[in-house]
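Each structure below appears as structure tokens.
Each of the next two complexes has chain A plus one more chain, namely chain B in the first and chain C in the second.
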Partner chain A sequence: MSLDASQFEAFSASELAFLAEDELITILPRQNLSRMDFKGWVQPALRALRRSEVPLWLAVILKRQDRCTIIYPNWLDATYLKTVLEAEGRDSASFAALPYMWQELSDTILAEAAEDCQGSVAEIMRTLQELKELRLNKLRQGVLVNNDSHLRMDGIGSAELNLVKPILSKTMRTLQTVKDAQEVETV
Partner chain B sequence: MNLDLESIINSVGRRGTRTRAEYTTAPAQRLKQWWVAERMAPHLLEYQLDLLNEVITNCRSLRDYIEETSLTLLDEAAVESLGEETLRDVKIKLLLVETELERAKFVARAYKRTRMAKIDLLPYYYLQQQESQSGIMSKDEWVYCHHRTELEASSYYKGFLNAFPTELQGLTDEDGHISMIETPDMDKPVVVRVNTDIGTLKIGSEEVELVKNGVYLLRFSAVSDYLEFVDIL
Partner chain C sequence: MYYSLDDIETDGLRVPAKFQVDAPGLGWLNEEAKTENVPAGAEAILPLWLATPLASASVNEGQDLAFLNISEPHALNSDVINILRSDPASLDLRNQNRLFTNLAIYWCELFASDDFVQTVYEMTRLRSAYIFDAALAQSGIGGIDRGFDDYEQRLYQATAKVIRDAKQFRNRR
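Right after this comes the complex of A and B.
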């Protein structure tokens, strides 16, 4: 019924996958589908061979029914990812720009629509894996909570963030307590 | 070639941005943001009664659509009059609506469950807050919280409190220096993405400039007055 304590610290991988399914993605419909009223929002009519933007979950259903082709986002491309990988290697202090949910998005897109890929799926996967490891290493070594007031972490991905959030949060909280105690002592 | 050009124009045109704006501001999507924030924030956030009602009303309409459509699909004569292509469209729309309904229901349930779990953690505190600051809990949440504390108190009383002197039986005493009511840790660090330039805030002993699109780990109390300008991650 209730939630356990760890759920107030971070989101689980399946919850993140759920959140990522709301990201919008471009598809190339194979057949027409008239306008749909989902009550809270409206999906405009899909026309065959005209690009449309739809939520990822909707794209996946259409894809499974063979009713659309998924257009890969610009960043999900081996050449682009390699330049990111290079930039990532050069700069040890920050994260190169990728969408916040890059891991969840690429997992779903590659699993559901490998055949729609313009380049080599294996190459993209390999580069993604290298990126993932490099960034994780960076997180393990580089992120130092040496400050009780704030830590800036631009460019971090959701999977990475939720992995380190519990420990970072706890560390910063401890530092705050120590700092408060010091201040009391000096007064 | 022609088709391609047309699709490129369409993809950058108004059509795309309209979907984006409409989908991301749909009630279920907004409630989802509140669910995420509620999970990470140390104390109960303002109850989103109107938003939740909107989501529930939408869910009912979707459910009605599903019932109607399913009935039509059971009617052989009606199915035959539809034609094969329309039938396929009807079926896939049914599938899409069912999925949207389940997603919205999940968000609504997750939101309510998160709040209940938070009430479970600090029930006496929220009861006390409700008196001074009505609106922090919904009516049903208040009833739940109230019953919960009563049950707990009577169970403790029967179990062991009745053996104590009367002046030591209270569960919410505030005499002396230390209150018995546990309070949330407002300094719990949270991660936020800033969506508007906020400017410089004094956090602890330091001054921190919060820049648009910046992602920061900082104590909740520092941004609790700026919740509309940040997205809790």
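Right after this comes the complex of A and C.
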């Protein structure tokens, strides 16, 4: 079976979510777990009630089995996200600092471990949604100022990059072709 | 060399051309005239693949005179270019030509002035933002993207697909 042509242009949303599962996240194990040997990587033994960093996918499995509590990352907090939202509105040139995979991480964590949240899940979700819309607007600006030689979008997230990947790359290619025509002409 | 079907089709688009020299025995090129020879000054509508080499090669070496003189294709007439200059997003490219972008780039490579190249450059850039907006709105083919030519439709479809995919994935639970 050959790969669908669109898969060469961008990741699918599920692929991005899969990649985000390798990000490390802090958990509070509820019981002792012995060391786990994976191919190419070893998960040290987990002690009950001692914070440890594990990949998101392992945290999700342990969470589903009720063996751990997920500690929310610092940035996934309503108060913090509101300051990010403000910064986002102030600076129109670049994206405010959030982890590269903030959309995928928040999506998974909020869906799998809503009960572990210290604050209000609804408020976090609302703020995330506002952030997403604000940043989408910046993406549109980014597409508008595209040119043949230079592209810069500081602080863009992986999900956002994925949305503009096909249109930016193809348009840049076309713009380069047009520009080349001009250079041939003037030689 | 051809890299895409669109390139082949673009080569087959016809442009108005004027013969600069007498062309004996080529009357069949000029379907309307039905004469055996084509006199200098006669006009014919020729495909780009034929017209381009004849317009760039000189009759006698060292002279500027070429066999043909090409004028711009109908889709690139001055009215269209003026609209492109003032408001690229409003123009229905598909109505001009299904291969408008390809044709415009071809024309850039052939004869175009810096001014024309700049217009095409701006058109490509601004319309890409317009396409992105249409894809975000998921208006679909036949919606506000009716005016997209083939190149733009492909761009629209690729973009709309990732946006739709992201939306569906978010709503899966």
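Everything below uses one rule, namely that the second predicted complex is superposed on the first by the 181 of 187 C-alpha atoms of A that agree within 3 Å, B and C clash if a C-alpha of one lies under 4 Å from a C-alpha of the other, contacts with A are read in each partner's own complex, and residues count from 1 in each chain.
Following the convention adopted for this analysis, contacts are C-beta pairs under 8 Å (C-beta built on N, C-alpha and C of every residue); 3 or more make two chains touch, one makes a residue touch a chain.
Quantities reported herein were computed from a predicted structural model and do not represent experimental measurements.
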- Task: Scan A:S12 for contacts with chain B and chain C and give back first, second, both or neither.
- Result: second
- Query: Which holds for A:L49: it touches chain B only (first), chain C only (second), both, or neither?
  - Reply: first
- Regarding the shared-chain residue A:N74, is it in contact with chain B (first), chain C (second), both, or neither? neither
- Message: With both complexes superposed on chain A, which partner does A:Q118 reach: first (chain B), second (chain C), both or neither?
- Response: neither
- Message: For A:K179 in the superposed arrangement: first (chain B), second (chain C), both or neither?
- Response: both
- Touched partner set for A:D107, first chain B, second chain C, both or neither: second
- Task: Answer with first, second, both or neither: which of chain B and chain C does A:K165 touch in the superposed model?
- Result: both
- Message: Touch test for A:L3: chain B only (first), chain C only (second), both, or neither?
- Response: first
- Message: If we overlay the two complexes on their shared chain A, which of chain B and chain C does A:N147 touch? Say first, second, both or neither.
- Response: both
- Residue contacts with chain A in the superposition, chain B compared against chain C: B
- Query: What part of chain A is shared between its chain B contacts and its chain C contacts?
  - Reply: 147-148, 165, 179
- Of all residues in chain B, those that touch chain A in their complex: 3, 6-8, 10-11, 15-16, 18-20, 22-29, 32, 36, 39-40, 54-55, 57-58, 61-62, 89, 92-93, 95-97, 99-100, 103-104, 106, 113-114, 116-118, 120, 185, 187-191, 203-206, 208, 213-219, 222, 233
- Per the touch rule above, chain A residues touching chain C in the complex are 6, 9-10, 12-14, 17, 107, 111, 136, 140, 143-144, 146-148, 159, 162-167, 170-171, 174-175, 177-179, 181-182, 184-186
- chain A partner, complex, touching residues on chain C are 101, 105, 108-109, 112-114, 117-118, 120-121, 124-126, 128-129, 131-133, 135-136, 151, 155, 158-159, 161-163, 165-166, 168-170, 173
- Query: What residues on chain A touch chain B, complex-wise?
  - Reply: 1-3, 7-8, 11, 18-19, 21-22, 24, 26, 28, 33-34, 36, 38-44, 49-55, 57-58, 61-62, 65, 67, 145, 147-156, 158, 161, 165, 168-169, 172-173, 176, 179, 183
